[in-house]
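Notes follow once the structure below has been shown.
Chains: A, B and C, in written order; residue numbering restarts at 1 for each.
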Amino acid sequence: MTLLRLEGVTVRFGDRAVVDAVDLEVAEHETVCVLGPSGSGKSTLLRVVAGLQQPSAGRVLLAGADQAGVPVHRRGVGLMFQDHQLFPHRDVGGNVAFGLRARGSAKPEYEERVASLLELVGLPGAQRRAVASLSGGEQQRVALARALAPSPRLLMLDEPLGQLDRGLRERLVVELQGLFSRLGTTVLAVTHDQGEAFALADRVVVMRDGRIAQAGTPLEVWQRPASEFVARFLGFENVVPATVSGGAAATPWGKVPVPAGSPEGERRLLVRPAGVVLSAAGLGCVVESRTFRGTHVALLLRPEAGPALEAECDLTAAPAVGDRVAVAFTPSEVVVLPAA
Amino acid sequence: MVLDRREVVRDGSPREGGRATAVRLALMAVPLAFFGLFFAYPVAAIVGRGFRTDEGWQFGRIGEVLSQPDIAGVLWFTTWQALASTVLTLLVALPGAYVFARFSFPGKQLLRALVTVPFVLPTVVVGTAFLALVGRGGLLDEVWGVRLDTTVWAILLAHVFFNYAVVVRTVGGLWAQLDPRQEEAARVLGAGRFAAWRRVTLPALGPAVAAAALMVFLFTFSSFGVVQILGGPGYATLEVEVYRQTAQLLDLPTAAVLTLVQFAAVGLVLAVHARTVRRRETALRLVDPARTAHPPRGWAQRALLGGVLLTVVLLIVAPLAVLVERSLDAPGGYGFGFYRALQEAGAGGGTFLVPPLEAIWNSLQYALAATAIALAVGGLAAAALARRAGRFVRGFDALLMLPLGVSAVTVGFGFLITLDRPPLDLRTSWILVPLAQALVGVPFVVRTMLPVLRAVDGRLREAAAVLGASPLRVWREVDLPLVRRAVLIAAGFAFAVSLGEFGATVFIARPDHPTLPVAVARLLGRAGEMNYGQAMALSTILMLVCAVSLLVLERLRPDKTSGEF
Amino acid sequence: MSTTKKIAGAALAAALGVSTLAACGGGTKKDDGAAASGSPKSKTVTLVSHDSFNVSEPVLKEFEQQSGYTVKVLKSGDAGAALNQEILTKGSPRGDVFFGVDNTLLSRALDNGIFTPYEAKGLDGVKPEYVLDKQHRVTPVDSGDICVNYDKAYFADKKIAPPQTLDDLVKPEYKNLLVTENAATSSPGLGFLLASVGKYGEDGWKDYWSKLKANGVEVVDGWEQAYNERFSGSAGGKKAKGDRPLVVSYASSPPVEVLYGEPQPAEAPTGVATGTCFRQVEFAGLLKGAKNEEGGKALIDFLIGKKFQEDMPLQMFVNPVVKDAKLPEVFTKHGAVVEKPENVAPETIAKNRDQWVKAWSSIVVK
């Protein structure tokens, strides 16, 4: 069942449309991540859903009900702010209990819930601690507990792990994922970090300049970026103009095989690094740099013709910087994108 | 590490358009009505009376009055002494604000209440106290043979004495709530202690410092008693001239021109203030003040604390102590003779004067009423102004400050010729007294609350709303706790101002319910040892009432760690 | 975010505040209500005066009982301010009777026509020299002399005679001894200036002040400061180490020093230079447009009645104007009799006052 539905939501600041005719659905118990660079309008989207921002056009429906005119505090959604926004004049317990008290919970009831939530986020017994004494990660957890406390039907997270260090982030992603599936929470998160989005989300929505550039499961988006923008945003740099015809594309790198059934004509072409393989013959390149990546080595190659190429290879077979190599392309790692 | 000075999207940004404007107008309705009725209209009426004759409007007087060299001289002196007083007050009081904000030391609350005491004292009494310090045979004279009375230094020092609390309370109030980690962050980034203060804390404090400077300037610009008593007849401010022309010579045309000059000067200052400050106000990270204060560490901090305490003792406690000493210096040795005599007022010589208990009670009633009015009007105004504003609102902001720069006699006489018809025949009503006092209190409330209200991060309110808190609840549980301190400080100011108010009160026809300052003035207006002694005793009581009230007000602060309000 | 509720709450709070105030006022100051509304048949009569007005409670109570009126007293500022407020509200006065116009301000009051003529009962008992307005728009109520006071102890110590006349004050033996008040802002200051005008004429007084200046006269802002701070003979001055044994004050100051001495001294510590005096006469008048004219008339009769006249000296430290009013003993014993005070006609004062004060300032202050 669809819990959240956006229909043609548009937000204009002056002449500029920050959110431009966005349609989006989030099903119950689903976790959707909106992914996009800063300024793509993703935070504004959350504010619209929360009711903090009036849309210039379009509708927001929660469980089928149009939310126009429903004030923020009656929407029953939760929002975890990017920088937590913990209340400085309240202790940890007071922060977590805030939403429960606002909804009229009695003291013994909410105290119990606060305790269990703090336990859930890994801060048992922290009720009387002052928020100023918390570390960034702890603040994050308190903010999460606070947002979860009133059991919102939709939990929205704005850059949930943005300010945390890498180790903590990776651990928290796993924790969150487990938590959400255990609680059955419906989640709409925004982030600029693709790793975070792919790890958390059932579905990913990539935004660009206020519009949805692509939506799909993490795997779909990863495997078949819908545009050069999405491809580059996901971190792929091997994108070139190409003319596709008859199972191959003419590119500045020469002929590149494409998967069967690819659309033909003037296109853009993405070759994922894994599709650039060292071979005995092919496009001649000089190794410009190599970066150890744990399971493989990332190479940056300067081909005889065309722009730089990113490639991956096994640890053992990795050439040295300055070596001359030849590369061939694997069709399964090649994606034909629409012309720019 | 939190370096939290980013731009914040506020409720009042253009996209909320019409609605926000409506909200702002609704919030402003009460303050606008208040100022229209009890300030703008009366002042306009009395100025208009000066320019209008039977033959119509006469503006020729403007040039005539302004071309008089002595008027130009008065304007010049008024302005430069106010500027000098403001600078000096800031120099002396900013370290004080820091110490009160960031250090914890025994007796801090008492001392903070004490520095506000000068505020409530009638100028005649303060003049006495101050002459004992810098006058002939005073402390400076005895120790170093320095006499400052009838010099401009005495005026400037007395202005510092009066306004020290303005800076300490306005700036210190915000300072105590600034997150010290911001400064620490800057220091970690390689800034020296002073550079960190200058680049991080000072800009954050900017609006509060400017607000305090503005108020000190307006106060000293319209200084009356201090200039007359300490400077002697050689120094006169515009305020004195307006008083003379209005109250004594009834030369309304000249008074009207001078009032316009006052307006122009004050308006100019307000404009400069608005230009330099308003755009710098940003959201700050506010924290619990109890958390930022710590005992002084290291010799530098101890020296700073010592220096500030010494200043306070010399500049504020010493003059006050003189009053207390004189009130105890009864015939036949030190004792409470004068205080006992106060209780017997009415008996001695068959003279019926004010029973002092009644005067205390009157004062408290008037002050409470004035504080309530000032808080209601000023609070609404601050709430309206906190929403980022257009030109119209900024004009309103300035309007609220004007009463500080306009002569009390102008306002008092304006009341007379405007509030004289039903349903607003208030000329003989007691409510006029607290209303007039609230006029002076409102700017304090607005100036104290506004920086804090503006500094509250709008997203805290949003966070609360998303958690299900209704707007009223958001206001009660987010705004109020964060500005509570500012509200209490503002209330303290309004209360103190009203407790000690004499100028405006005295021009209003009062039923015979004398306030403490009025009673003191009456006693001082008579010869005789008992009268003088009782005046000193009553002044001491006035100081005590003020200090106790402020201490009680500070105690009203709820326990910060509790989640319950 | 919706703010409507917030406003509603705040507005409610404000409204509550105001109504609480109103309630508090109504509860504690009931007596004001009736007077303010003042119907023609009002039993309240309102006296408007300056801050120094005072009457002892039993005397006022007695009048209220006998006349059946309730007296409400409004005070507003010093004498000048109080009168000017009456002029501004001419035709729609705040009260019925105004008390406190003195001879320096009389012309302004009369020229502005704020009073209704009324010949008070008992006016024939008033010393005729004080009845300055033959139309009886104002009725004299009290008189007082502004005179130089001296510190007896100082002159006894130094073994020199205290000065007695204006001429004495410019003599070298009294150099640097006199403190006076700013004529621009202080009533005794102006009175002393007028004394010099009365004595030396409109042409001679400036010369006198130049000499006085050369002889070291000190000018301070107000009486409180001159008397309580600078004058060595007063209680305050002693504490403040005042070093001026001569001060411009009132002829009634020495009796007051006795009255409020603790314990009362057998002899006043200060004396009066009776040749330096300017006589102030204070008047009362029935205000034009008074809501309670009958009550106002009764009140004026009361002001020149013997009871009030004999009460006045100890309340306001002024002299009665009725011939048969007896002065309290402390006045007859310690007060000075000023035989020939200096005098300037009210019209002359009105015409020249501003100009004299300006001229005076430029001689003395600058």
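By our rule, a contact is a pair of C-beta atoms (placed from the backbone, for glycine too) under 8 Å apart; a residue touches a chain by one contact, two chains touch by 3 or more.
All of these numbers come straight from a predicted model, not from anything done at the bench.
Student: Which chain has its Cα centroid closest to the overall Cα centroid?
Tutor: Per-chain C-alpha centroids ranked by distance to the global centroid put B first.
Student: As a test of understanding: of all chains, whose mean C-alpha position lies farthest from that of subunit C?
Tutor: Centre of mass proxy via C-alpha means gives A as farthest from subunit C.
Student: Using mean CA coordinates as chain centres, what's the subunit A-subunit C distance in Å?
Tutor: One centre to the other, that is 85 Å.
Student: For subunit B and subunit C, let me know how many angstrom lie between their CA-based centres, rounded off.
Tutor: Using C-alpha averages as centres, the distance is 32 Å.
Student: Provide the C-alpha centroid distance between subunit A and subunit B, rounded to the nearest whole angstrom.
Tutor: Here subunit A and subunit B have centroids separated by 54 Å.
Student: Note the residues in subunit C that touch 2 or more other chains, in rising order.
Tutor: Only 1-2 qualify.
Student: Mark out which residues of subunit B touch at least two other chains, giving numbers and ranges.
Tutor: 462, 465, 470-471, 474
Student: Which parts of subunit A, given as residue numbers and ranges, touch two or more other chains?
Tutor: Within subunit A, the residues that touch at least two other chains are 52, 71-72.
Student: Which residues of subunit B touch subunit C in the complex?
Tutor: For subunit B paired with subunit C, touching residues are 11, 23, 26-27, 30, 49, 124, 127-128, 131-132, 135-137, 228-229, 232-234, 240, 243-244, 246-251, 326, 329-332, 337, 341, 346, 348-353, 365, 369, 372-373, 375-377, 379-380, 383, 409, 412-413, 416-417, 420, 425, 427-431, 434, 461-462, 465, 470-472, 474-475, 506-513, 518, 521-522, 524-533.
Student: Which part of subunit B faces subunit A closely enough to touch in the complex?
Tutor: So the residues of subunit B touching subunit A come out as 4, 14-16, 179, 285-288, 291, 457, 459-460, 462-471, 473-474, 477-478, 481-482, 560-563.
Student: Which residues, counting only subunit C, touch subunit B once they are in their complex?
Tutor: Subunit C reaches subunit B through residues 1-11, 13-14, 17-18, 20-22, 24-25, 28-29, 31-32, 35-36, 46, 48, 51-52, 54-57, 72-78, 80-81, 84-85, 87-89, 92, 94-95, 108, 182, 184-185, 219-225, 227-229, 234-236, 239-241, 243, 249-250, 253, 256-257, 259-263, 314-315, 317, 353-354, 361, 364-366.
Student: Which residues, counting only subunit A, touch subunit B once they are in their complex?
Tutor: Answer in residue numbers: 12-14, 50-54, 71-79, 81, 83, 85, 87-91, 93-94, 97-99, 102-103, 128, 130, 132, 146-147, 149-150.
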